[in-house]
Structures are given as structure tokens and as C-alpha cells.
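Starting off with a structure, shown below.
As written, the chain order gives the labels A, B, C and D, with residue 1 at the start of each chain.
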Amino acid sequence: MSLYAVLAAALFFLGLHGLFAARHMLRKILALNVMTAAVFLLLVVLAERADVADSVPHAMVLTGIVISVGVTAVAVILVVHLAHGRGRDRGD
Amino acid sequence: MTALAWVGASLVALGVPFFLLGTLGLLRFPDVFTRLHALAKADNVGLGLVCFGLGLHSGSLAHALKLALIWLLMVIASAVGAGLVARAAIARGVKPWGV
Amino acid sequence: MNELFIAIVLVLLGNITVGLWRVMRGPTAADRMLAAETFSTSTVAIVLILATVTGRGALVDVALVFALLAALAVVTFVSRAWPDIGEETARGGGGPKP
Amino acid sequence: MMAWAITAFDALLVALLLWLAWQAIHADGLFRAVISFMVFGLLMAVAWVRLDAPDVALAEAAIGAGVTGALLLSALGRLPERDKEAPADRRARGLAAVGLAALALGGATALATIAWALPAPGLGREVTEALPKSGVDNPVTAVLLNIRAFDTLLEIGVLLLAVIATWALGPMQWSAPARVMSPALPVLGRLLFPMFVLVSAYVLWRGGHAPGGAFPAGALMGAGGVLVFFAGAKPWITGAELDPWRWLLSLGLVAMLVAAVGVGATGRSFFEYPVDLAGLFILALEVAAALSIAILLFALCLGGRPPHRWGSEDEA
């Protein structure tokens, strides 16, 4: 299981790096999603470690998954609007 | 019961070569239309064998019916998907290999 | 028997790994999409076998959800995305959108 | 033999997930990135299975592999320009990436070790003790709809806000009818719709005593709605009559608020259900939450205000 803890940490930094390094907005959204996945992973791994099976982190992750899809949807629509707005400004 | 479980397990094992062949087709076939076969045929036979085998292995009818439903849904999805991708590819002007 | 099943699951995951080559290579968007669809079939098989190994019936439901939604990606791709995407290198395909 | 094979499986899965995440952020071509991310979501569900979190795996299967993929692919079709990266600075970025990767690996191991060293009593014992009074047998459902029902209330509120935000930005962003018509599409919609209803109801019903419940059921129903809609079905309510939309979209939030405040009339505090009626309360809230999550996800996937008449709209 410790393998997955390392995965969570690595994914988090990967996503953080992507959030700054990626040029295209859509990639930034993907990076953000990778980071959320990493956080969920860490929560579930820690829940696994507890002495008694702990369902509170699972419930939090369930809530988090639904919220992250909401955030992704809003961000994606904003990117689409942004892309079209930019195109008009440049005159093409 | 144990005999049934063994038959089921060997059916599951028998499904694996189909997945491998499907991936081989995915990698080696020359164009989209031929590669569709890998998706629509080989993998679904593999999944069918796995589902059938696991159904026999579990020895419970309800479980086996659920597995059959899963297989049916996957077959529908890949049949429709393959047809759609082929249509879209033709509409886009992708030429079949050798034509 | 569980040993056999775990070995099979390992082989299937390796199979996905090899298939990723097609996602990376393309050449058309349809090829990448196709490869992703193939992976979802393999994933259903992996989840089903893991369900048997761990004896958790709930995992079969996970596979059921996958199977139900398997068509969603292809349908979205064909009806929404592909007609508009400028292809990187289409084999005799249409060029990028004007 | 078994332990070895399981470790190999985990290692391969972890390596694949890292590789796919890297590809999603840095691969050439947006489409390749999106497909990599979709495969990433698929394999994350396998990771949840390995981590013994079937509830999360169910939700991830419906949302990560379903709704998010559909959202990203639809957006890709609407983006006018491909992301062009100047080839000149790609080498410099590659070097920077190597440095950052080293840094990240160091930081990652440090973080993982720290997380590992944390004391981990967890709340498992408390939940198990409260379970008989909660009204259901599945601890995750108990946490979501009784013990921490407040979180669920806020979460549905966030989803509602997201829908309001996207609809406020203008009309629907992707057209309703499919671009490539095929006789298989309407058949697919007709065939799958009853299956979606059936399986969602089943997942919802199972939530009381086994993994499942309002979240996966709602997500599945929402994703199913999107699939059937993309296959050519037209919802019976349009954008011309927004009242039904308003009621449907706020259904879950209203139900949760009524349950939260309503118990106050009998002198109880916020979300404190009567113990003997808790099961009933949770069932009602689950149905409301599932329907509401389904409708909200569907509304999100429209990518904007629905048109006045289906099928006649022009894209913005």
C-alpha cells in the first residue's frame, strides 16, 4: 500500500508542475484533475492505514469527486469562451 | 463443484490469448478500419470467455446472469462504437488501406 | 486458483501497457480513441477477475457501470469532437478546420 | 508466488498511472493529452479497487471515466486552435522538467514519509459505534447522509452553483444533434435508457447495506442522460420554459434543507434525525440527492443554457 502513497505524492507534484508549466488552458485543467486524484488517493491510502476501517475519508472522496467534476465543467466552459473571445480579438 | 470451478478458471485463462491478439491487431494492422476489428471482435471474445468462465467459477446463477449482462453491454457498446468510428472516418475522408 | 487469476490480471495490465503505444502513435484521432476503447474492455475483465479473487460482489457493479458507459466516450468523440479536430497527421484525411 | 504477482501488478499500475499523468500534461497534441487523461481515469478506478474502496471506484467509473471524458472531448471539438508549442523552447523546458522531476521526486518521498509517520487512529471506531443509530448498514452512506449530511448539502450546493455559472455564460456550447448520423445511434439510446434507469435504481437501493448509494447512482444516471442525449434523444423540457429546470435543479438542495431545518420543528438540532425514522429520512434524501445529482450533471454537460427549442439551435 505504501506504493500508492508514493504515487499520490508523485502525482501531486506532477500536477503542480503541470499547472505552471503547461501552456494550454485545457492542459492546466488536466493538471488540476491529476492533483485532485492525488489528494483523493492520499486520503484513501491513509484511511486504509487506520486501525479500524475508516469510512469518513471515503465519504469525503466521494463528495470530492462530484465537486471536482463540477469545477472541471465550469473551467472547461470558461476555456471554450476564452478561446473564442481571443480568436475574435485577433481578427481571425 | 470443484470441477466446475476448474472448468471456469480454464475458460478465463483461455480468454487471455484473445486480448493479446486484439492488442497485436491494434498495433500491427495498417489502418483505422482494420484496427476496428481488434476492438470489435477479439477483445469481446476474450471478455466473453472471461465472463463465462467467472460465471461458472462462482457457481451462482444470479452472479452469472450479471456477468452475462456486462458482456452483452460491452458487445453492444463496441459494435455501435466500431460502426460509428468507421462512418466518421469515411465522412472525414480517411482512405482504407490498399484502396 | 487465485494465483492463476492474479497472473491473468497481471498479463491483462501488461497488455494495456503495450497497447498504449497506439495511443501515443496515432496517427489519426480515431486510432487513439479506438485504443482507449480497447482498454476499457480489458479493464472490465481486470475488475471482474479482481472481484472474484477478493470475493467482493460490489466490484461486479463497478464493471457493470463501466460496461454501461463504454459507449459514452465513442459517441461523444464521433458526434462532438472528431468532426472539428484538426488532425495532426491524417492518412489521406481532411486537413485542419479552416 | 501470489504476493510477488500482486506487488508486480501494483508496481505496473503505479508506473502506468504516473506515465499517463505525465502524458496528459505534456504529450504533443491536445487530443493525445485528453485520451491519456481518460485512460488515467479508467486505471484510477482499478487503483480504487486495489485500495479496497469500492464506493469510490463506482463513482470514479461513472464520473472519471464517463462524465469528465465527455466534457473534455466536447470541449476539444469547440476549441478553435490547437495548442502550438514553439519547438525552440521545448528543449529548455525538457531540461527544466528533468530538474523539476528530481525536485518533485524528492518532495514526493518526503511528503509520503511524513504522511506515513502521522498517527492514524482514524474515525473508524466512532463511525462503527454510531452505525446502529444511523439507519443504514453501509458506513459510507451513513457518513454521507447522516453523520456528515452537512457536507452533502454543501456539495449539492456547489454543483448547483456550477450549473448556474455555466448557464449564465450563455447558450449551450455544443449542438444537440450528432454530427455524424448513424442508424445505430437512436437504437443505442432507446436500448440503453431502460438499462440506465434499472442499474441506477439498483445501485441506489444497494447503497443502504453495501457499496453504492446516491452518489454513484446519481452520477450513473447523469452520465446515462448525457449518453442518451448525445445519441439523439431530446429532453422534454426546453430552455423556453425555465421553471421546470429551476425546480428540478434545486430539488436535492431543497430536500436536504427541508430535512435539515424540518427536524428543528421538533426541537432537534440541524440534521439530527429521529433515531427510529433515520432509515426513512436517509432513503428519501438519497432518492432526492441521486435525482438531483443526475439532473445537475446532465445540465453541466450541456455546457450552457439550453436552447428554446431542441434541434433548432445554432451554436454560439
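We adopt the following convention: a contact is a pair of C-beta atoms (placed from the backbone, for glycine too) under 8 Å apart; a residue touches a chain by one contact, two chains touch by 3 or more.
Note that the structure is a prediction, hence the values are computed from the model and not measured.
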item: Where subunit A and subunit D overlap in contact partners, by chain label; value: none
item: Among all chain pairs, the one with the most C-beta contacts; value: A-D
item: For subunit A paired with subunit C, centre-to-centre distance based on mean C-alpha positions, whole Å; value: 21
item: Mean-CA-position distance for subunit C and subunit B (Å); value: 11
item: Cα-centroid distance, subunit B relative to subunit D, in whole angstrom; value: 27
item: Subunit C residues counted as touching two or more neighbouring chains; value: 33, 35, 57, 64, 68, 71, 75, 77-78, 82-83
item: Sites on subunit D at which at least two other chains make contact; value: 50, 52, 74, 76, 78, 80, 180, 185, 188, 192, 195
item: Contacts with two or more other chains, residues of subunit B listed in rising order; value: 73, 76, 80, 84, 87-88, 91
item: Chain-chain contacts as defined at top; value: A-D, B-C, B-D, C-D
item: Interfacial residue positions of subunit B with respect to subunit D in the complex; value: 73, 76, 79-80, 83-84, 87-88, 91
item: Interface residues, subunit B side, partner subunit C - complex; value: 5-6, 9, 12-13, 15-16, 19-20, 22-23, 26-27, 31-32, 35-36, 38-39, 43-44, 46-47, 50-51, 54, 57-58, 63, 66-67, 69-71, 73-74, 76-78, 80-81, 84-85, 87-89, 91-95
item: Interface residues, subunit D side, partner subunit B - complex; value: 180, 182, 184-185, 187-188, 191-192, 195
item: Contact set on subunit C toward subunit B in their complex; value: 1, 4-5, 8, 11-12, 15, 18-19, 21-22, 28, 30-31, 33-35, 37-38, 41-42, 44-45, 48-49, 52, 57, 60, 63-64, 67-68, 70-71, 74-75, 77-78, 82-83, 87, 90-94
item: Touching residues (chain side subunit C, partner subunit D) in the complex; value: 2-3, 6-7, 9-10, 13-14, 16-17, 20, 23-24, 26, 29, 32-33, 35-36, 39-40, 43, 46-47, 50, 54, 56-59, 61-62, 64-66, 68-69, 71-73, 75-86, 88, 96-97
